[in-house]
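Below, subunit A partners subunit B and then partners subunit C, in two separate complexes.
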Partner chain A sequence: MTVFKAFLRVLWQCKAIVLLYTVILVCFAAFQMQTEQSSIGFLADRPDILLVNQDTAEEEGKDCGLSAGLVSYLMEYCEVADITGEDAINDALFYRDISYIVTIPRHYSEEFFAYLRGETDKKPAVEVRSTGDQEASYAEMLLSRYLRVARVYGAYAENGKELANRVAETLSGQVSVEVASHLDTGGLSKAAFFYNFLNYSLLAGCIYVICLVLASFREEKIRKRTMVSSMNYRTFNRILLLSNGLFAVGLWMIYVLLSLVLVGEVLLSDQGVWYLANSFAFLLCALTMAFLFGTLVKNKNAVNGIVNVVALGSSFLCGAFVPVQMLPKSVLWIAHILPSYWYIQTNEYLKRMENVSPEALRPVLGNMGILLGFALLFIIAANGVSKRTRQIG
Partner chain B sequence: MLLHNFCYALRVLFRDRMLIFWTYAFPIILGTFFSLAFSNIENSERLAVIDIAVVENEEFTASTLWKEAMAGLSKEDTEEQLFSTRYTTEGEAKELLAAKEITGYFKLSDGEAQVVVASSGMEETVLQYAVTEIAQTEKMIGQVAEYQISQGVMPTEESLKKLSEEVLGQVQQEEGIRDASNGRLSYTMVEFYTLIAMTCLYGGMLGMTVVNQNLANMSHKGKRVVVGPTKKRLVILGSTLAGYVAQLLGIALLFAYTVFVLQVDYGNRLPLIVLITLVGCLAGLAMGIAAAVLIKASENTKIGVMLSVTMLGCFLSGMMGITMKYIIDKHLPLVNRLNPANMITDGLYALYYYDTLERYWFDVISLLVFAGLLLAAAMFGLRRQKYDSI
Partner chain C sequence: MEAIIEVKHLTKEYKQVKAIDDLSFEVKEGEILGLLGPNGSGKSTTINCMLSLLQFSGGSIEMFGQEMKPDAYEIKRKIGVVFQDVAVFDELTVYENIDYFCGLYIKDKETRGQYIKEAVALAGLEEYQKFRPKQLSGGLLRRLNIACGIAHKPKLIFLDEPTVAVDPQSRNHILDGIKALRKAGATIVYTTHYMEEVELICDRVIILDKGKVLATGTCDELKELAKADEKVTVEVTGLREEYLEEIRKLGQIDQASYDGTSLVIHYQKGKNNLLTLIEYLKTKEIYYSKIYSERPTLNDVFLDLTGKELRD
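Up next, the complex of A and B:
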């Protein structure tokens, strides 16, 4: 009890930092999850674009029907942002708030007809600015499609409005799309995001607290007092290990509760509970890893540095912050040596697991086995290190 | 005396291993992580060739338009290639989809085109778009033929084929779209700019440490300095200069590392980049000195305040997610105008992205004002200090 009480006292000193990691997790999870929609049917993506239509009917008798048609076509398939001011537009494009800017110049509709009828050699052009990403490419497909169809129908229309109507009629309707999978991909993606980010919070929380606790108990004066006390050092070590384990499990339970609040009931589905199981296996790994660092570190001041390098490094390299699909192959190849890699790979796999069968669960159990293997390795290493450093000179 | 104190303050700084780790090594380690994690983001956001399957049933084989259109969209190593297509039976297509080897498949049944996918997403949307496009082209060719007949022109098979190729974009022609995109759109660069900002402000800890050495309430060394006959302003000036020089050395190392190893693009206006970094370091130094002088607490508390202010500033300027800077700039512009980390990040961003310099100068002047105010406050705090004998 004395050891446990001392442990609680040191733990209390770390409350601010544990709270900080939790707040970071909640903020990021809540921020990121806003964009994920929970859906089972098919939802076509709508690229975010900005439309600047300078070809409006401000002059009497001016034909701007085609431009108006183009605007309404793009509005049907894209999210059109409402941003004004050159700097605000530039920033929005840079930060991917919008992916594509379409500027329809003045007299575009009339010049389009004039060019088709051979009245001018100057081909009117719509000005675009693009980020070059998927959304921008799709927006460009939509735009060029409209212009190509308009060019074909141009020969058979009297004016812009008539042309726009014909184009709209041809381009109306979409081919039906059937979604073969019945997974709630939005909900499971949310769960994967939360549990991937948990990699950082669990690692940082466990390493910080356990290293600090062990460093406090390893201070020379305290160690000497413990050694001369009547308590068997095995009992002492066991209580310390149990206390740390209790803390780790408590931390995990708080995070699981948070995930139930933030992610929702998808976590209670057949696939969802495997996220919990996987995170528990990772917790054991984080706990033993923290033990190993705790036995290695003598200086309390170094704990912060270790937490940042280990937790941030694992999270960046294995895909906790940046989606795994976006990491370079070489980085993922190196990441195989880190437990976080196996943990995050399982979360990614669970996101797409259609049914829960022994066959489907084989990769999950395999990865969890690797995590437990890592945990065993860390325990052996920690024992080896502590054996060598037990003597006080 | 100034030089003497400057040299000793530098020695004190370089012997503090934790301080050197946080101001020199940590930004380089973090920069390496950023580079490893973000180097592929922008490439992976581009539209890649999409793996699909086409159910090769009788109806599909009988339709020249569908066959040719699909072949055109799947022609390898061309600019128009959108898909990598496998021609299969429906059963095989289902299996491929279940195994996640394809994004989706397409089949023609009873004259209707149908797309089957595993989930929603951009690639699935593009598949739907392309199939819709072919279906609409089929409809359109019929309409054009009608128009031509009504105008007394008899459409030939060849003219209609040419028309379908033109409508499907499979013929090279001027699109009537003028691309005016700025070439500098690499938003991951902002992460490295926040890293520079963090290093500039973290560098304030160097200034804080050396100033603490001269404060009687902070260290025994400080007591000795205070009772010494030297001019205090020379001692403080020597210490702060040493802090500034150590800071500049750290930032120069980081710059060299990010430019030559990580290939970060800061734009091509080197003198202006150097200027904003110098001013940024000055702001960091001012923060450090102000924290040392104005906060009457232990050194750890002062470090805590410095770290929290810096990290919060970096968070708001986009270090933990680039979008954050945009959100704050857009919705709470005042917060980022008062945030020194953002002034540095924004100045570097303005140099990289904008051709004009108004925004850059606004950031530089804001940093100077920020540094000036803190230094003035610190100076007032340091003047005529008296310690009671107790």
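Up next, the complex of A and C:
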């Protein structure tokens, strides 16, 4: 009890660090979830374009129906700017106020029909100017789609107005899509974000606090005093390990409670339990890894460096901050040697897992087994190091 | 008196170097034994071996009649150690530190509370119980270090240079505390470089060098080992070389030197040395401003035995 009480007192001095990592986790999770929420639905973008229609010679008895249809179609799907004057148009394009300029030449509709009927070899063209960006590509796609359909129906239409009506009717058709899967992809993604980032919070929190506390207890002078005391040194080490274990479980429980607040509905689903189980297996890894570093490190100033290298390094390499899909294969190949890789891979798998069955859970259990293997390896190494350093001089 | 510690033919080797070479000595119950020696003489190594912090190459160490081993927890229960470096938690208060180190020996909360109270009083830390070590001065830190080592009321206490870098007031307080511990029945092994402390508190002294015992005995017994029996200093100016030569021939003189203002004469054992010298000075009409005689100190004995060359 004496050692445990002293452990708690030393631990209390680290409260600011625990709070810091919790705040980082909450902020990151809240930010990610906000981003995730806006990508649940789909809303078509409306590119900014300028439309110059010179084919307005109806008063001359010419057919302008197709041009009018094209204008009305583009106005439906794009934000059409009202800019006049060559300089103003050039400026708007240069400063990306508009991405695309469509100029429909005079008599375009008449010439379109003439070309389709073989009355002329001159292919009518709509003039365009583009910034070449994503919006411009989308505007170009809309224009191409309209003209492609117009070319198909052109042979069967009497005039431009009829053709425009047919094209509009075709393009306004909608297909209803039903998603066969009942997977709550949004919720599971949020949970995966949270639990992936938990990799950093758990590793940093455990390594920082446990290394600092162990550095205090294992400082050469204090260690000597403990070793000459009547307390069995093995018992002392066991109490320290258990105390650190209790701290780690406490930290994990705080984070689990936070996840219940942020992604509670997912955690109560079938997959949610496995997120918890996976994070607990990883916690054992983080705890034993921290214990190993705590045994090796004697200088408290070195702890900061270790946290940065180990926690930040493995979080970046294994995809805790960046989606795994965006990481180069070579990086992921190297990441295999880190426990974080197996932990994050399981989270990513759980995000896509349709139903919970023994077959579906096999990769999850396999990865958790690897994590427990890592934990065992770390504790054996820590024990070995501790034995070697037990004697002074 | 019964021997509490018996060290027999202790040897400790580091590769080719013998840090302790066939060392044997005893510590009797209730005594304060001073362990003296220059840096690197093997004092700390000897203590670390006695406390089972170091494995030794040969010999045996018995404490309280039993072999001392790393797992001899019954023996360790009776031992208190105050290391040279202050060994306390920066994160705990004065009271919590003493409570922790006392708690490694005493499980009963009530007994421990009483013991802590007594240790705090002995170290004079009543007003600083809620302070953290970083808020304490060097002297207070040393006193806290001692309180942590002796709070569980050990029968045998190892004090490794507990007064290094403390002010005279704190040193006096610490030395009084050590005397009080002995009065309460503790046996103490005390290492220091301060000879006056040894003379003040130690019953017996062992002088170590190069891992061997050079001399052992009480302070008075050790002083008998000094080459000179008496040192006489005469403050005089303009002493002629011929007079110095004549003084050297006065008899019983081991060594005489003159630096222009002071004539220093080291006498071998003998009587009336000062009287003979005064008579000679009177005869030659040599006028002096001051003349005084000193007995050899423990420091002289220490330097005689261990040499005056610098150590690492």
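Everything below uses one rule, namely that the second predicted complex is superposed on the first by the 258 of 393 C-alpha atoms of A that agree within 3 Å, B and C clash if a C-alpha of one lies under 4 Å from a C-alpha of the other, contacts with A are read in each partner's own complex, and residues count from 1 in each chain.
We adopt the following convention: contacts are C-beta pairs under 8 Å (C-beta built on N, C-alpha and C of every residue); 3 or more make two chains touch, one makes a residue touch a chain.
Keep in mind that this is a model prediction, so the values were computed, not measured.
When the two structures are aligned on the shared chain, A:T2 is found in touch with subunit C, with no touch to subunit B. Contact with subunit C, but none with subunit B, is seen for A:Q13 once the two complexes are overlaid on the shared chain. Contacts of A:R225 after superposition on the shared chain: subunit C is touched, whereas subunit B is not. Comparing subunit B with subunit C, more residues of subunit A are touched by B.
Looking at the shared chain after the overlay, A:D87 reaches subunit B, while subunit C stays out of its contact range.
Using the contact criterion defined above for the overlaid structures, shared-chain residue A:S144 touches subunit B, although it does not reach subunit C.
In the superposed model, A:E76 makes contact with neither subunit B nor subunit C. Chain contact summary for the complex, subunit C toward subunit A: residues 45, 48, 51-55, 70-71, 73-74, 76-77, 79, 81, 83, 85-92, 96, 99-101, 103-105, 107, 148-149. By the touch criterion given at the top, residues 24, 28, 31, 39, 41-45, 87-88, 90-97, 112, 123-135, 137-138, 140-145, 147-149, 151-153, 156, 166, 170-171, 173-181, 183, 185, 301-302, 305, 308-309, 312-313, 316-317, 321-322, 325-328, 331, 352, 354 of subunit A touch subunit B in their complex. Considering their complex, residues 1-3, 5-6, 9-10, 13, 216, 219, 221-222, 224-233, 391-393 of subunit A touch subunit C. By the touch criterion stated above, subunit B contacts subunit A in their complex at residues 18, 21-22, 26, 29-30, 33-34, 36-42, 44-47, 94, 97-98, 100, 104, 112-126, 128-129, 131-133, 135-136, 139-140, 143-144, 147, 151, 163, 166-167, 169, 174-182, 185, 187, 320-323, 325-326, 329-330, 349, 353-354, 359.
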